[in-house]
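Here chain A shows up in two complexes: once beside chain B, once beside chain C.
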Partner chain A sequence: MNRLDVFKSVLWTLTGLAVATAITRFIFGLGAVSNLSDSTPWGIWKGLSVVPGIALAAGGFVVTAVIYVLKREEFHRYAKVAVLIAFLGYLSAATALVVELGLPWLVWQPVIYWQFHSALFEVSWCVMLYLGVLLLEFLPVPLEETSWFAGLRRFLTKYKLVLVFLGIMISCLHQSSLGTLFLITPEKLHPLWYSALLPIEFLVSAIAVGPLVVILGVLVICYMYRKEADRKTLSKLAYLGFIVIVIYGVIRFVGLAVNGKLPMIFDGSWQSTVFLIEIALVLVIPIVLLGIRKLRYSQAGLAIACFSAVIGLGLNRANIAGVMLQVPGSQYYPTIYEVFVSLGIVAGAIIVFLFCVEHFKIWDVKWKDPRERPEYCPRFDLGSDVWLGSPGVTERVKYSLVFALSFALGFALMPQDRIESKGVEEITVQKARGGDTLFIDGNYDTFGTLFDHARHVDSLGQKESCVKCHHMNVPLDKESGCWECHSSMYTATDIFRHDWHASPNGADIACDVCHEPQQERQKASAKKCRDCHIDLYADNTADIPDTYLAVSYVDAMHILCVNCHRERAVADTTRVALAQCPACHTGPQPDYLKAEMRDELSRPAPNHVMMPPAVLQVKEE
Partner chain B sequence: MDAWLEFARGPLFRLSFGVMMLGLLRILLLDLYGAWEAYRRAGDKTLPWGYIIRRTLVWFFPFNKVLKGRPFYSICSILFHIGLILVPVLLFAHIQLWQSGVGISWPALPKPVADWLTISTIVFALALFIGRSFSRMSSFLSRKQDYLWPLLLLLPFVTGYVCANMSVGASTYQVTMLIHILSAELIFVLLPFTKIAHCILLPFSQFVSCVAWRFPADTDDAVCTTLNKKGAPV
Partner chain C sequence: MSMAILTDITKCIGCFECVAACKTVNGHEADKPYVFHINDGLSAHNWTSIVQKPDKHFVRKQCRHCLDPACASACPVAALHQTSEGIVIYESHKCIGCRYCMIACPYGIPRYDWDKPVPYVQKCNMCYELVKHGKQPACTAACPTQATIFGERKELIAEAHRRIEEIPGKYINKVFGEFEVGGTSVLYISDIDLGFLSYVVIPGTKALPKTTATAMEAVLPTFFGVGAVMGGLHWLVRRRQKLQRENEGSEG
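== the complex of A and B ==
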């Protein structure tokens, strides 16, 4: 088989597995495919796809800066490759982010709703802006193939320089702000990686390795399409990278030395081993190979140096954004499915890259698959011994099959125990505690809301208002509590007890009393409850539901309280806060209830709502 | 046995279902892409849309075949297809599985209707098989898979009917259910790669074959050149 064939088949296989995983993730949620948890919310999707994807995309702005700012015209032929790699790097980072975050239909929200307190707000803006700039920078290349949008293409080509400078600016901002992001994790990130210089380290290392990624891309496609690489220019570009790598090394070690962290490098822990491997990959090997002129000009030396630097930088970002970013006491190992997604996104990006190389003028000419040449003899397919048609058709037929099969395989490999529905845990609701002020806390997990009963009676209209909440009563009762019917915390309950009515130990009523003798015995045709229990509904004139299904306690509270609060908030614009969450969810229970509930405190709290102190302060004001 | 059932219901089902869905999508896209390429190259780009739509509808609802040609065979085939498509998709028990597994559901057929449709599918599949075997014209045109398909399609219907309507012992039930699931999964996997792919290609087949018979723009010249009659009127 052709080497391009094998390579593409592997890529399509990986993509199929990733797509299957991603679909499972969107149907069944993060827990179905990943080991991410509240204590380790950033796993290898961040560490292997998002952060390194962005770092490796730096080639785009570095190479364009070299060409247009430093006026080194000899690199001009690599401009399109660099921009394409940058675009794909950002695109794969964004894709990984969407798979990880979920809710892709809300990506536009940071554009409208500005959250100045969030470190990620700036990051999300940078990603969106730079992705847009890269798209506009690259767009003229595919537009060359068609006569459509010629005006747009001319416009973009004319104002190319503006885009280039925008790209350089936003990129520098974004690379360093990614480093800034990790400044907020001093107690999580291992000291060998944590440094006050992180923003500068991120920027410099991205600038150093960026051109090497472009060189590696060029070398890989030269190998795949059996072309001769222009080693002289590539080596010159690599030399630029070499200089910046040296600067990066100096910054990194000076930072460690100033903070007295140098001894930690050799303390023998597994972190120090990882650190040494990283330093060897990203600093030592590239500096040695690129520093020696003869090695730099050899294809193997260049390839190994670039590959090592790329892997090393990826490892560095993976360490900072994932591996070394751990809460003490929590353990995180990625599942195989997380690896599928990370690899699949890279594979997908490479597929798009190869597609662009084959179909657009990334170089001066399109690099067709060697088999597209007229002198190439048609070959029979290995599996079926038939001629599948011209190479283009063969590719479609083969790779789509590879993708479909690997997708199905990936889908079959999904963990059965994780995607099985286990349903909602049944928690019996208990009576609210307190007197005039009730503490509503159905599952007694100490996280609830304070309810001033007397105040509500006053404001809703004294005795006549009782029915607004106490809409139904247990038979022979006048003031039943919510918990008596809405007796399950998260699930609905059928409040009609058929067995009890029919049983000799219960009401012992004959079937005919409720069901008509001649009719089929069904719920719909039976007598209604209120035909016998005349005082069942507090307000007999109100709408009466057909079913006897009481919604869950949580739903009952929310429907009743929120609807009424919302009406109030609309009617009285000075009290808008009534319709907001902190109106009721004011935090954990007050102190005077604490003593009463001390024995309950040891119980786990599976599902509580707490407002951060900032919100509570706003409310008090 | 439980483990086998679990395996057949879980990973094996997802594998076969994935192969079927993506396989069908793949076949459809390749088909349409091929047609589009042929259309792009065609010299004569006018397509008889009215004719294509009419032919598509005729083949979609082949009632006219009932009136002329082979009425018995056609009626059997139509009724067989109705049950074959409706029962697996609209059976209440199947929808329940979707509901509990992924949380989606749709209206179901009433049980008596589903039962009768199952029986009719079984009967008409047998009728089609017998018809194919004993009609000389049909058996002349048939390949091995044409005989095997009605029999394979019978398997899940018969076993499903047994599981749903007959009181059998627990172990018999499990074996029957296993055969039911496995045979259905075999059908899923084979579906995109055999003639049954017509389930997704049929709506476009008239369009595709119409486009495929448009020759590339300079075909006539090429033919004349090949025949050493360059410039001759075509």
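== the complex of A and C ==
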């Protein structure tokens, strides 16, 4: 395993995890894999993949502008790398958008539904147009390898300058319009980042760091393939970046100074610390390393400066598009699955990049060690003449296996609980506010009843029990009434049991004992109960009841008894106790009659706890 | 004709009838305690909610229907847009799911179907279908105490000021929503401060779309300006190189 093998295996692993996550997201929705919420609608997919990704892809238009417009021919060898990096940067941002958008299959809709006031409308048009331009700019490179479409290749090469101009014009709009996106959030974005100049800051910083990304790409490739980097040309390119970084720094700090925000930098809040880190990465380190000629021409100095600027710019965009855009109280942190996707998209882009480097003439650099070239790998073992297989095939098998394994691992790692519960919040079980025993208006009928909350929790299954009574279904039905479960106590019962009368195990009487023969068998024509059960009727009852429905248990107890008790109590004021609960509910004094409990109950509470008449009267006295 | 809703916090008894009516009219499914929710009662299935504040203050939260709505200005496909009645409505078939409206809204109103594979933005549409046919929204129709009423914005503002002046000291001397973010169609009068209804800090009176207007107007000039500048540079550089070559040629 050489360094390239290890690197590629890691990349394929990350891609596999990302694809597994993306598939889960499309089946179960954004909430299943991400921590996005109503308070944090944009997470790292936009904050780390889309917005910084596009900023770092600016190298394409900056380098081609330098080469084709300003005619600096010495950079010509890096034109294809720059275009490829830009193309892949935009492609990965577009891929991240496809995962991130709620309805990605409609992502093209800004083409037909126009909205000129929206910065995002401008952004989406620019992305679509610039992706097309980049594709056309890059197309001649793969077409070089084949004799097909020679006409197309010649056409594209001939009109390259038109494409370069279009690329510059669209990119300038696009980079700045990403800054415009955040102008509409003056009250959410932290003041250290919010500025009316955001579009200009975005554009200038992208121009500054764009070439440095290309340099970093070149250095990484040289390291991976053990090639010699042309440090002299790269340093010249870096110097261009250096000049624009200085301009960016001036704009940024003049903006802060004019708005009187300079003191905020040192106010000690975590935001100011992040700000200082960002400034150090994107401004201080690159300016120092690239400003000193000797350091600029050293490989380490160049690499560190570019790396620092790239990370710094990424941090700046992530801050503006996410970290500093948060609402107080929202606690967003990305899930591991969100990280999978963000990393996997970058990894995928790098895989394509390496593929292009290996298969197309991206540039003509001398190989440090010719034997490292893939074409030079022996297909036969030279000593024994044993066929070792095509290196391309073995590589394909190896990486397919890595990808498949990590894809499977990704699915195994998916959050089962989140997918199944569809984002339903875990609620910890709490004791009822009023104690284990409550006095509640259980049926919303102004009749109070003692309710043993603790016993219900125990018998209905602890944690699972809450939702059996407490709902959020409709605003007025937050808790079930007692009758919804104890329905048998509340439903009137038919005391005539037809089945029992007909059953061989019951009365076992023939139909025609009750029903007249030759007649339709129905209630009206059947015998009356008293015809057989004369012994159950008092002698003086002449009237026959229309119905055999008996009043329910609760109604029997409460309506039949209580109404009468009340009437008596009102009629005779010396017998008030008759209407109080203890008149029937004898036994030990319940909790609610204790003094502290009484205070608790006398407060108006929204949970339907109400006082029994007895308590009210005690209170009045 | 700009329609509006005026909610008088002193009259609200917190009965939740408006919330129930809203749910019924819009056919919303049952609400569960989702992890995605902000703790203000609004959700993808609750377009209006009642925020309970101390001393029996019930504040109905709903979309403010800004006169110059930030969400509609942010939406790249005009899925959110304002009708002639001043109502901000949402057309789901246009939506691409970018959620920029949720970033832009100063009141944090739009909510999202986070648990669905085909998610939409969810927010109050002031019962546009009913209003279009000359009826009033379900919430104001359901209110038993006339705490929340529907009418023309001008008349409701006049009514709000009349109520404030009628009993001096009963209300805070301000119609919430008259000027904030350029004015909103959902107005409040109250005896407690309603700053908590906004997302972060109380927004100023400047309409948020104005913050991006300058940049958006500069788009086409920038596009052609950049092209012209680059073309000019290119011409200059080429001319200089040509002259240089001619000089070299004549010298040689």
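Going forward, the second predicted complex is superposed on the first by the 394 of 621 C-alpha atoms of A that agree within 3 Å, B and C clash if a C-alpha of one lies under 4 Å from a C-alpha of the other, contacts with A are read in each partner's own complex, and residues count from 1 in each chain.
Convention: a residue touches a chain if its C-beta (ideal position, glycine included) is under 8 Å from a C-beta of that chain, and two chains touch if they have at least 3 such contacts.
Remember, it's a predicted structure, so these values are computed and weren't measured experimentally.
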**OP:** Consider chain A as the common anchor and indicate whether chain B and chain C clash or fit when overlaid.
**Re:** fit
Original post:
Should A:Ala20 be classified as contacting the first partner (chain B), the second (chain C), both, or neither?
Top reply: first
Subject >> Partner chain(s) touched by A:Leu405 [first = chain B, second = chain C, both, neither] >> reply: first
**OP:** Could you figure out whether chain B or chain C reaches more residues of chain A?
**Re:** C
Original post:
Of the two partner chains, chain B (first) and chain C (second), which one does A:Ile85 touch, if any: first, second, both, or neither?
Top reply: neither
**OP:** Please work out whether A:Gln416 is in contact with chain B alone, chain C alone, both, or neither, and reply first, second, both or neither.
**Re:** first
Subject >> chain B versus chain C as contact partner of A:Arg396, first or second or both or neither >> reply: first
**OP:** Note down the smallest distance between any C-alpha of chain B and any C-alpha of chain C in the overlay, whole angstrom.
**Re:** 11
Subject >> Those residues of chain A which chain B touches in one complex and chain C touches in the other >> reply: 27
Subject >> Partner chain C, residues of chain A touching it in the complex >> reply: 26-32, 36-39, 41-42, 65, 68-71, 101-104, 106-107, 109-110, 113-124, 161, 165, 168-170, 172-173, 176-177, 179-181, 183-188, 196, 199, 325, 327-328, 330, 422-425, 427, 471-476, 606
Original post:
For chain B, which residues count as touching chain A in their complex?
Top reply: 6, 10-12, 14-19, 22-23, 25-26, 29-30, 33-34, 100-103, 192
**OP:** Would you pull the chain A residues touching chain B in the complex into a rising list?
**Re:** 20, 27, 393, 396-397, 400-401, 403-405, 407-414, 416, 421
Original post:
Mind pulling up the chain C residues that touch chain A in the complex?
Top reply: 16-17, 19-20, 23, 30-38, 42-43, 50, 52, 70, 73-79, 94-100, 102-104, 106, 108, 111-120, 198-201, 203, 208-209, 211-213, 215-216, 219, 222-224, 226-227, 230-231, 233-234, 237-238, 241
